[in-house]
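Shown below is the structure under consideration.
Chain nomenclature is as follows: A, B and C, assigned in order of appearance, with residue numbering initiated at 1 for each chain independently.
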Amino acid sequence: MDHLIHILDLVGTGVFALTGALAAGRKRMDIFGVVVLGCVTAFGGGTLRDLILGIRPVFWISNTCYLWVATLAAIGTYLLARRYRPPAIGLMYIDAIGLAVFTIIGFQFTINQTQNYSIAIVMGVTTGVFGGIIRDVLSAEVLLILRREIYASASLCGAALLALLFNLQLPRSLSVSVALLTTLIIRIAALRWNLALPIFQLKSNREETRN
Amino acid sequence: MDHLIHILDLVGTGVFALTGALAAGRKRMDIFGVVVLGCVTAFGGGTLRDLILGIRPVFWISNTCYLWVATLAAIGTYLLARRYRPPAIGLMYIDAIGLAVFTIIGFQFTINQTQNYSIAIVMGVTTGVFGGIIRDVLSAEVLLILRREIYASASLCGAALLALLFNLQLPRSLSVSVALLTTLIIRIAALRWNLALPIFQLKSNREETRN
Amino acid sequence: MDHLIHILDLVGTGVFALTGALAAGRKRMDIFGVVVLGCVTAFGGGTLRDLILGIRPVFWISNTCYLWVATLAAIGTYLLARRYRPPAIGLMYIDAIGLAVFTIIGFQFTINQTQNYSIAIVMGVTTGVFGGIIRDVLSAEVLLILRREIYASASLCGAALLALLFNLQLPRSLSVSVALLTTLIIRIAALRWNLALPIFQLKSNREETRN
């Protein structure tokens, strides 16, 4: 189980580095900017989690293997994407894997550290989404993550479900698999059928547009 | 006294979560984005303070009550603001309470940790204003906080005054109340009479506009 | 040697505070915004390094002398730049000093903490460039640092060279001087002759512009 989680963790790292590298490409950054944005996207969520929980040093200092995976994924993306047009929608499905994996890993790590379910849910979501938020801030994109599509909400559902399953004392490996798949399915369903939560529209804005 | 400070702390948390939720509303985020931006605004300043001072874990992990206050305030804002048009100017007055409370709490906390007045002033201002700065970065607003209106400067005055009063060995509760009210009054006066510090205009810019 | 490094460190702090203050000026911030942006630019890289490595508290809390240098440099810039038009290109050469000094200091500090060359290279670059990145995010500039000009790449070359020289067991002071000058020369050469790395252009973008 731990072995599978570790492999998924590296997959998530590579996938997020890839999305960061592509965001850098859209902003016409050079190879170095591509690697930096790739690493920031891959490490941002977990770094913020470790800082907030007071883990020192952060995970990618303790184990440099993450650094190599993210760097190679970013450089690989740089080299390949110059030649082949990346399929935009396929990428979003791959990104969903990173979201699901990082949410579950963040939850599990935090529950081991703090034994507190509400903190673990918050940290699961933080690990899952903050890499992408920092990527969007640095590449000056509009923050899509907090907008309409069910992205962070999928992460929240997965983390909350995992809290419930842990609470029910189900076997750990079963709980993790179910929560991981649920997060993935919610996110992919949202992409596939364009699902969205109601957005928050201020009354004043609505009246402005009415006039 | 500590009791009053704690209540004010929760009030400040709720007020900042409210301003974060409204910023999310202006950017048409969904309920989850509203909660995230509310929490980030409410916790941003104190989290940065705790990280820089090396307090671990940060305050809202040690005491989850802040998490509940911020989340409920953000959700409440989401529900209410869909129905009632929030009075923009009234909100800025309420926000001033958060600014004053967080500045004083940040100063007091830091002076207890470090016994260093200049660090405590810097951390008071950090606690007071950085939540709002992160909110503006994430909602892609122009950073009003660092612009004309006396906002961060009110926080600086309050923290510096508290340093002076502590140094004069006045009773702690009196010092805190005076500094709190002074910060609040400076900020509200700036709002009421449109006060501003001279802005920093580069010579080159001025010449460009002259031609 | 350590004495020289310490003086260079303060020079780098002052120089980066100056560039932060000028960025604040371009955005017409008030004196307080100028000081905040100056300090954030001067401390951003080193603060992120200390947080990631788990050094507590961060360097400018342990030694308030940095705080004074950055504040005075920002205020001095505010006062002088209102009167004299700052020579834009001269500033970029001065900024190159900050980049070179902070890269070397970040590397040296990290190698003493972790004895790991790849971490030290990453932290050297982080110390050198992240202050500028945070400055650009807060002043809502396009992130030039990650774009075309060889900026972060100069930092990477300097840190990698220092790793090599340390590995060859050359005298410490010689290694540091050579790596410092190399970083400086690469950056200045890039400025002087407009050198740049190939940018990462997505295939889809290229086709869009072709049509």
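The rule is simple: a contact is a pair of C-beta atoms (placed from the backbone, for glycine too) under 8 Å apart; a residue touches a chain by one contact, two chains touch by 3 or more.
Nothing here was measured: the structure is a model prediction, and the numbers come from that model.
A.B. asks: Examine where the copies chain B and chain C touch and state whether the two sides share over half of their residue numbers (same) or under half (different).
C.D. replies: Both copies touch with mostly different residues.
A.B. asks: Through what angle, between 0 and 180°, must chain A be rotated so its C-alpha atoms fit those of chain B, rounded to a multiple of 5?
C.D. replies: So the copies are related by a turn of 120 degrees.
A.B. asks: Roughly how far is chain B from chain C, going centre to centre by Cα mean, in whole Å?
C.D. replies: Going by mean C-alpha positions, chain B sits 29 Å from chain C.
A.B. asks: Indicate the residues of chain C shared as contacts by at least two other chains.
C.D. replies: As it turns out, chain C has residues touching two or more other chains at 51, 56, 137.
A.B. asks: So in the complex, the part of chain C that touches chain A is made up of which residues?
C.D. replies: 51-54, 56, 114, 116, 118-119, 122, 129, 133, 137, 142-143, 145-148, 150, 152-153, 156, 196-205, 207
A.B. asks: For a test of understanding, state which residues of chain B touch chain A in their complex under the given definition.
C.D. replies: Spelled out, the residues of chain B in touch with chain A are 21-22, 24-34, 36-37, 47, 51, 55-58, 61, 64, 67, 78, 81-86, 88, 137-140.
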